[in-house]
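Shared between the two complexes below is chain A, which pairs with chain B and chain C, respectively.
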Partner chain A sequence: MEALLAITVGAMTAAGVYLMLSWNMMRFLFGLVVIGNAANLAILTVGRHYGPAPPLVPDGQTAPAELVANALPQALILTAIVISFGILAFTVVLLYRAYEEMGTISGDDMRVAEPRPQPDQSTVGS
Partner chain B sequence: MTDLLLIAPILVSFATAVAAYLARRSRARTRAIGLAGSAVLLAIAVVLLAEVWRLGPIAMQASAWPAPFGITIVADLFSAIMVLIAAIIGFAVTIYSLGDIEPDLEAAGYYGLYHVLIAGVCGAFLTGDLFNLYVWFEVMLMASFGLLVLGGSPAQIDGGIKYVSINLISTVMFLIAVAILYGLTGTLNMADLSVAVAEVEDDGLLTVVAILFVIGFGIKSAVFPLFFWLPASYHTPPVAVSAIFAALLTKVGVYALIRMFTLIFTHDVGFTHGLLLAIAGVTMVTGVLGAAAQNQVRSILSFHIVSQIGYMVMGLALFTPLGMVGSVFYLVHHIIVKANLFLVSGVMNRLAGSFQLGEIGGLWRFKPLVALLFMIPAFSLAGMPPLSGFWAKFVLIRASLSLDTGAGYLIAATALVVGLLTLFSMTKIWGEAFWKPHPAGDHGVAPRLTAGRSALLLAPIIGLAGLTLAIGLYAEPFYQVSLAAAEQLLSNEAYVAAVIGDGAVLAAAGSGR
Partner chain C sequence: MIVAALPAALTVFFASLVPEIAAGQVLRWAVPWIPGLDIEFSFLADGLSLLFSLLISGIGVVVMVYAAAYMQGYPQVGRFFIIMTLFMLSMLGAVLADNVLTLFVFWELTTLTSYFLIGFTHETATSRAAALQALLVTGIGGLAMLAGLVLLGLVGDSYELSVLRASGVDVTADPLYGAILVLVLLGAFAKSAQFPFHFWLPNAMAAPTPVSAYLHSATMVKLGIYLMARMQPLLGGTEAWLLTLTIVGGITAVMSSVWSLRQTDLKQLLAYTTVMGLGTLTLFLGLGTEAATTAAIAFLIIHCFYKATLFLAVGAIDHATHTRDRDALSGLARVMPLTFGIALAAGLSMAGVPPFLGFIGKELMYEAAVTAPSAAWLVAGAALAANALMIAAAGLVALQPFVGRARDWPQPPHDPPVAMWIGPIVLAIAGLVLGLAPHLIDQRVIAPAVAAVAGHDPHLHLKLWHGFNLPLLLSVVTVAAGIGLYVGRERVRCWLGTAERLIPGSAERAYDHALAGLKRLAAWQTALLQHGQLRGYLTTIFGTMIVLIAAASLRGGVWPTDADLTDAPAFAWFASALIIAGSVITIITRYRLAAICALGAVGIGTAILFVSHGAVDVALTQLLVDTLFVVLLAVALLKLPSFWDLRHRETGLRVGAAAIAVAVGSLMTMVLLVIVSVPLDRRLTAYFESNSVPLAHGHNIVNVILVDFRALDTLGEISVVAVAGLAAYALIKLRPRRDPTHQSQGRSAADQSATG
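And then the complex of A and B:
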């Protein structure tokens, strides 16, 4: 089970990185979503996957009788999912605004904040 | 009592944020709430530092869950210093914001976002739990996203895209590193981790995790080669936002690096801290060269942030008591000076009409006070005696020379040359903006501000310049506090004891999986 999860994490990371290398900011965003979920799956995997038994301690005992699921990684992932969902919503809107303002979703062409140096302009630096 | 004191900076900031946001329709009320919140935070931060100075590291366990199971809020001297300096800058920039931020941005909830940012910064400084640190980073990031694009000019949106996307990559790296570290040790409590990593047999895997943290925090703190988001975005938002970003955001990354690489990753100092030393040297050089090629005041200052981050990482990388003193001292000095330079750049823009060096001039002739107020932080940044930057650089270079190795001499030489190049950039701004006549003639420099507004803009600048002078002329107490903070950083016993305390046995059982 852990091997399968580990391979899935690797494949998702690879797919995410491939998408993020694109000039297209929309694909970059999709890549970010995929790699973010790969990170969540990584937390679940390294947190030890002990199966589906709920982590409940029977009455009168101090430890569960059998192997139970580790609840902490699941809590961490839940937090991470909520945060990344909020950020994703913000980023999609930001990208849409960028498309409205600049008429492009190509990262290479977004040069409003850092204009390319004009060759005919005599500046101190160039 | 100390429990309340520890959580108070975060609670006050959040309460202020909510109140200021709800009151945003009334300009007078939202401004008053924003200012009052900053003032209260400043008072709390002073008390916190005094308490930590008196008692040593103090900790509180959220909901009384014993560490390492619950979330720990902990302040040692380093955390308390950082909270105080954040509160000072938060207060100064709030006053500046009253004069700088346009009414429509205030109505859009500027003070709400601003105090969420401060809450995130304070939380990151005070948390003792690694996953909680991730949450505070996200709180801080989300507020900074909002502040960066508030107003929505095309340049802001463009800078925002780069800032957001690269910082999100850093978040993913951080999260993966946290995951693997949790898998290795079974704990996320930072004090508990410092004990638990000693039991990890696979040192190689631990080093991999350490490097993931270097990448994650390296992006946040803008070290070479991960700094490109910073000069792409910091010159676009309103000046007050630039100033608070420049002062605090990258420094939270540096704080996290220092915390991780003194408390947890000390298993292979030769490799990890050697790598950090190389990063520090290259960061200084690339930053200062990038600045030399710029002709816009805020772009120059942005690149200098990158360059200065190198000095702070250098102190950590030397990993000697004196080096750590240098890092702490440099952080304090740099936050004050850099915020002040951005604040002055805003006044220069309002007086002379542009941030572009080619389009301004004549400020020395018509506004000698502004020239003086620029000169103090600028020369301090370059490290001229007797200002604060001189002592910060002096300690760092002394620390690297006393290593008596080739790397030590090399980094000392780099630091000195970079200081000289910093002076070049500062004299460039000086010559172009202050000495050169204004291109539009004598009418170029015009008081475009009412008296009340310019008082709001100049008061924080004068205050911060005074602090720079105070640190420079009366450095000994600041040095002593930095020294005590560095000693606590290098010997973790007090920190670990404050967090885990009597539950040490429990912790040992917990870390054994």
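And then the complex of A and C:
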């Protein structure tokens, strides 16, 4: 099971990285979604596969009777999902507003904060 | 005048310590500073530090009184006096410090405050450049010194100078001695403007004249001399010490006194003679004999007296005539008789003419030179050449502007107000009185200082008349040569002008090149790293990740051993296929909605895998978030240009990006396989499983972890989401007011908030 997940995570990561390396900020955003899911699956993989039994304690007992799924990575993933949703929602709005202000969704052309170096920039002796 | 109160009080205080110190006592005061590192904030007063303290505070009184009159009309005079006072206190801290790290801190405080003083007229570019130059040269030297002092502390097992000296540890026998010597001397040479670091001092003349008088007579530049004197008992007495100090000091003294004759600006001229004085001091501290140390200490005092006086006299001339060019000055004796008298007295002391104190100093130098342990004639020759040139330089400053034909001045110059001559006249008279009656200071001040360097009580007895001997003969030769140089000054200047053109490079040019090169390097690496392209930044990040993981795997030899795919159930295969298909479609589709749907498929596939791992809550959350996000994305992205419109911008597979992507993905797979091949430590999970019900009364372990065991993490998570939501809201609502519609919106919002 872990081997299949490892390969799936690798494929997702590759797709996410490829998308993030696009000049198109929309595709960058898609890459962010894919790589976020890949990260969550990676945490799941590292927590190992113990079968489909959820980490619940039956009524009247103080601990699970048999081997149940690892609860710790699940808690971590839940946190990660919610945070990445917040970040992605913000990124979507940011992209929308950036397009409104700059009239482009090309990351290469968004140069307000870091303007392109001018040809005469090397003369710094003054 | 109030500004002179502190230095005056300090002078009185230090003077009151003289009898105690002269009796051989050492005063020490310390508080723990960094006890964990055995570092104390400690001060020590012995003969050497007391002499320096007296000079610093005494000359400080003169300069402060003078500056109170001189600085009238300058902007921000208050700041000037604050920095001057801070500078003086830093100097005192440096010469009184017992702990070498305390010494370093005060040392660099003098560097910093002198930066502000040299660049006080910061409106002019030359002032700023000179201040920066002094800061960089002496500051970098100071860092070298710190390294040397730390090594010294390691070798001697203490950072206290007094402990190091008392322990009798032989630093010179340690393998680290060479490094310590080089590093400490770098700091001293940079601070005291020794060749090849001498160039910053003449440039520092951009400062107001009181600053020059203070920094370059009694204080800043003398700190390097102080360090060498202080270190001589620990580091001195070796061939390396002797050779380095005598050669560097000799070159500095002769070279700078030659160049002083080339200068036409009187302050520049004095600056070069200061470098000469510092070179001479280094030379004699290098010899290390008792006679040489006595000569150095005596010359130190003499130099402070006459150099401060001459700087202040030049300041008076500048104040009265608005020029310091010696070609434009003559006949001032008639209109500025008092200034002439002061300058002449100081000039005669500088020239070493009896009965001034300078004469005694010169006799001591020659006596030390002819009794030098090695290369006595070379030392004597260097001292003779430098002294003869000094006589000519003294003539150029103290005689030439005052004699000759009177000039027609637009406003007739006159002697300065009393505040500007009272201090210099005291110093000038002191030079004469102490020359006539050297017994006033020889046992009280000079002998304790020499004892602090030499380690035993010296047998010194200063007097004007030593009888007919070799030093007297050398003095006569010096005076004759000096007068000859003064008479032929114009010819000398012509020769030097020719010589200057023949010299191909200089240390200052090297400094300029280094500074320009540093700026170019900074611009180049900024352009390289901060190029402003998101893709470039990501490439750097992913590339670094690839290199680090690959390097770690190759070094550690960790590779996944087995990858068993047979145990995966069919629906896991299905989910994986769904995810990979969704990813591929996202990449290859040219339709935004198709891409969004494919992303949704990736999310659903992920949720299925969660279910297969018993993560039901996670899968539910994933499905919910996934759905929400697809809707949000669809709404927002339809307002953006479609892929189709932009298709021409991106054709085919981008090979570079694909290579990076495949590399990162493969490494990710590999890392996961390595991790799952080692056994899992389930202790933490076991703790949560066995404590969920007893401690938190919850049966859903994941929920208990989130809201109980790790509740603070969850609070952080909620905060992140809240901040992201607020930021997104602000992005949409707060727009720069450019067009009328937005303006009216903003105004109505403002009205609402005002009424509400």
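As a working rule, the second predicted complex is superposed on the first by the 106 of 126 C-alpha atoms of A that agree within 3 Å, B and C clash if a C-alpha of one lies under 4 Å from a C-alpha of the other, contacts with A are read in each partner's own complex, and residues count from 1 in each chain.
The definition used in the following text is that contacts are C-beta pairs under 8 Å (C-beta built on N, C-alpha and C of every residue); 3 or more make two chains touch, one makes a residue touch a chain.
As the structure is a computational prediction, the values presented were derived from the model and not from experiment.
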item: Which of chain B and chain C A:24 touches, first, second, both or neither; value: second
item: Touching partner for A:4 - first (chain B), second (chain C), both, neither; value: second
item: Partner chain in contact with A:69 - chain B first, chain C second, else both or neither; value: second
item: Larger contact residue set on chain A - chain B or chain C; value: C
item: Which superposed partner A:52 touches (first chain B, second chain C, both, neither); value: second
item: First (chain B), second (chain C), both or neither touched by A:43; value: first
item: Which of chain B and chain C A:89 touches, first, second, both or neither; value: second
item: Touched partner set for A:32, first chain B, second chain C, both or neither; value: first
item: Common interface residues of chain A - those touching chain B in one complex and chain C in the other; value: 20, 25, 28-29, 40, 42, 45-48, 79, 83, 86-87, 90, 94-95, 97, 107, 110-111, 113-114, 124-125
item: Chain A to chain C touching residues, read off their complex; value: 1-26, 28-30, 33-34, 37-38, 40-42, 44-59, 61-64, 68-72, 74-75, 77-79, 81-83, 85-90, 92-97, 99, 105-108, 110-111, 113-117, 121-122, 124-125
item: List of chain C residues in touch with chain A within their complex; value: 516, 519-520, 522-523, 527, 530-535, 538-539, 542, 563-565, 567-569, 572-573, 576, 579-580, 583-584, 586-587, 592, 595, 599, 602-603, 606, 609-618, 621-622, 625, 628-629, 632-633, 636-637, 639-641, 643, 646, 649-650, 654, 657-658, 660-662, 664-666, 668-670, 672-673, 675-676, 680, 682, 684-685, 688-690, 692-694, 699-702, 705-706, 710, 713-714, 717, 720-721, 723-725, 727-728, 731-732
item: Touching residues on chain A, where the partner in the complex is chain B; value: 20, 25, 28-29, 32, 35-36, 39-40, 42-43, 45-48, 73, 76, 79-80, 83, 86-87, 90-91, 94-95, 97-98, 101-102, 107, 110-114, 123-126
item: Of chain B, residues touching chain A in the complex; value: 131, 134-135, 138, 141-142, 145, 149, 152, 154-162, 164-165, 168-169, 172, 175-176, 178-180, 182-183, 231-233, 235-236, 292-295, 357-358, 428
